[in-house]
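Below you'll find a set of structures to go through.
Across the two complexes that follow, chain A remains constant while its partner is chain B and subsequently chain C.
Entry: the complex of A and B
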């Protein structure tokens, strides 16, 4: 491959890897928004909860990665149901701004609980560190490929759940038209709990996937939340395929800008692209509510 | 709270404060000959610097106790007036005002955070009060302080220069520098770029990366494009951890070089040993071979006083010796005379008491400190200091050298 083509291909590949990981929590955020109608910033701390639950499973109980990732999903999902039921639900009557701000307070609270329990230091999963595979002048890490696989499987399961199961269809119905769904006898509270579980579970899974590639500390989720939010908004807040496309756009966009600019402008370029997309398509690439 | 000593009851503090206010209100001429000399100490006893401040305070007091035991300065005992800067510029300014306006101290020793020093320094030079600090930001000594400030901490310029010299001495010919986006990034890269060629090496490229990224694969690709022999990681622990991992994955086997604060014990625990094998770490070091260091160690009763304790030792010694040399205790005398006792051709001395003896005999002295030679540039930066180098082997730092 000519060097320039290889360079572009490598950047696109890196962007796809980063974007796929980003897509998992972005789907969580957008699903919660679709049903509960507020941006839940507590996603950040739930990603951290997942990362730490996975850490406990992997390092302290010695479980392999895939079961640990499931633990991350379950722990963050359960934390999501509890925190939504007891903290955020009472705020929902006061409007979405109040709830969104309450979710920021909640995320800081949970983050500090984690800090209280685990301390501030960096932790790493018990994983063999492998050299990258090289082919056609490109390189890709075995760990990244595994992460990509986990993210892809999680997303496929979610799409199947929403498309083919009764509960999934009920969730889509509430997201689409809550009043009509209520008339049809769908219990909005149950759907709210379910979406909190799935949404925050995905956040936890995403948090662990980020941690697998790096290290974790109580700020793991907080560092990622801006990009997660950007991905969801670019794709169209409320649209699950949109979240995937948004995440890939942000991921690949931030990498490709390295062709022209110094890496310290990465976020600036990413977010300028977001402004551009939203100027042209104010409701995001796919628009809201496109399941 | 104004304190004469670190441990003071509320009543003694009140008495002290009252007495201070009283002496402050009296015309100077009424003050009895032989009343104690008061030195101000403004150091973080709480906040982010709360670990270093109390230890620096102890080191300063230990030196001044020795000076008092040897007869004091100008025939007077030395007393310290201690204020807590709370590692907070706003609290520090209030405390400094108290030291300057009420206690009328000739010197304030001990500011730690750069933000605190930047806030307090203007009060000092305007009131002609001398200030000694450990704050490292280059901007501190660039303030228009007219000589009323010295710092014993190596600034970024000195550190980067020393790092470059060491890197070249390892035989690395092609060096790439990866810096986190921070105020020190560009100055460090500029300095390394200019020093390396003088030692037969070269900086083949540099980049500045954003913090808080979950991966630095593309940055690593950029860094490795020119096939460097050594990669200098000029960042903090969270990002350096990710980069060390990414460098390993990319197949880089050459040496990597980083500040000790970026490759901490926790980082070594979090990373598999193969990712950190051979990493060289560096940190400013006390001058452990100096007789002044041995004296400080004995005085404090600890085997290895650290960089902050030794710097505090040196401030108290420098200020005492300067007062003796100038035969007066005010900020202007300190600024005009400090370089007369710590650099030049005088007899080398390693403690305040030793120097005071020679000064009393009318001899010239050159104080060599526990933290380093204590020679200052015109703007108050130290000219030289030692660094400690470790090499990570099997996931543990192994001592290389102090140079």
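Entry: the complex of A and C
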């Protein structure tokens, strides 16, 4: 393979890996937005909650990665239900801007609770050292492939849940038309709790996957939230397939920009993507509320 | 007492904005009742109040002699009262079949057979079962909205302006379906701007004006009344 083609292919591969992981919390953000109608920025701290819950399971209790990831999902999901019920729900009547601002305050609060418990230092998961796999001049880490697999399975399970289960369809119905859903007997409070659990659970799972690739600290989720938000907006806020497409766009875009720019400018891709999409296609690539 | 009875209901979108100012209304078993009147008379508000979307500040709503006012819509739906809103009455990104499943959400038993019965009644829906509801025409959406209401096998169906925005042919087909559903024993209360058609197919009618009962009686007699014809039916 010619060197330039190999370099581009490597960057695209890295972008697919990063984008698939980014898609997991982006789906969480967009699902919560679709049902509760506000951008829940507390997703950042819940990603960190998941990363640390996975850390406790993996490093302190010695669990393998897959069960640790499940712990990350459960811990962040439960934290999501509790924080939404007791902190954000009372703000919802005041409108989405007030609730979104409250979610920023909540995320700072949770982040500092984690800092209080775990300190500021960087931590890593207990992972076996493995050589990268090489094929056709490309390189990929086995852990990255496992992360990709976990993210893909989580997304497939979510799609199956939404497409084939009565509860999943009820969630889509509330996202589609909350008034009609109430008329048809769907309990919006139950759906709100469920979407908080699933959405924040996915954020936690995503937080751990990000941490598996690097390290974790109390700002793990905060650093990722811009890209998560960019992915959701680019795909169409409220659209779950849109979040996947948006995440891959941002992930691949960030990697490909390295062809022309220094890595210092990488995070500008998220901003640029949001600006471009809001200018050219304000409702995102797939449009809002598409399942 | 009728199957559905509304007595002295005062309701609106806020305490300072009372739209219904003491309305009485009944629907008997197997009856089709039309509600007509000028814009802003409170026709749609009456149906929303019965369906539980608005809470009356005074008065009562009873279904089979049990009070239902103040109950959430999902409980009223469970009791066999199905409300079909005028607009936004389907889930646009969900398929026709999924819409029907959500229509019968409160009853988890025999969902498949109930869907099949709906498909037998409306073959057009069966043909388009995998199509997202946003891909249907206006008339097809109204049929789907009624079919969703039928999924709970209701005793009373509330239809809010079912022919609004439809072509004359689509409206005619829709009214044929409404009559057929009523003949099978489902009581129907229907708010309609197309007052002539509504009075032609209904047994009884209520005329509301400014949130109050104006006239009540046999639909054919009201349609023949010169005053009613002049004021509400355009001559």
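Here, the second predicted complex is superposed on the first by the 288 of 291 C-alpha atoms of A that agree within 3 Å, B and C clash if a C-alpha of one lies under 4 Å from a C-alpha of the other, contacts with A are read in each partner's own complex, and residues count from 1 in each chain.
To be clear about the criterion, a contact is a pair of C-beta atoms (placed from the backbone, for glycine too) under 8 Å apart; a residue touches a chain by one contact, two chains touch by 3 or more.
Quantities reported herein were computed from a predicted structural model and do not represent experimental measurements.
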item: Partners on chain A (chain B, chain C) - clash or fit; value: fit
item: First, second, both or neither for A:213, with chain B first and chain C second; value: first
item: Which superposed partner A:64 touches (first chain B, second chain C, both, neither); value: neither
item: First (chain B), second (chain C), both or neither touched by A:149; value: neither
item: Partner chain in contact with A:255 - chain B first, chain C second, else both or neither; value: first
item: Touching partner for A:137 - first (chain B), second (chain C), both, neither; value: neither
item: Touched partner set for A:267, first chain B, second chain C, both or neither; value: first
item: First, second, both or neither for A:14, with chain B first and chain C second; value: first
item: Touched partner set for A:183, first chain B, second chain C, both or neither; value: second
item: Of chain C and chain B, partner touching more chain A residues; value: B
item: Chain C versus chain B - closest C-alpha approach in the superposed model, Å; value: 35
item: Chain B and chain C contact sites that coincide on chain A, given as residue numbers; value: none
item: For the chain C and chain A complex, residues of the former touching the latter; value: 51, 53, 72-74, 77-78, 83, 85, 88-94, 98, 101-103, 105-106, 108, 148, 152
item: Chain B partner contacts - residues on chain A that touch it in the complex; value: 7, 10-11, 14, 17-18, 21, 121-124, 127-132, 134, 139, 141, 143, 210, 213-215, 217, 223-224, 255, 258, 262-264, 266-267
item: List of chain B residues in touch with chain A within their complex; value: 181, 207-210, 212-215, 217-219, 221-222, 237-238, 241-242, 245, 248-251, 266-267, 269-272, 274-275
item: Contacting residues of chain A [partner chain C, same complex]; value: 166, 169-170, 172-173, 176-177, 179-187, 289-291
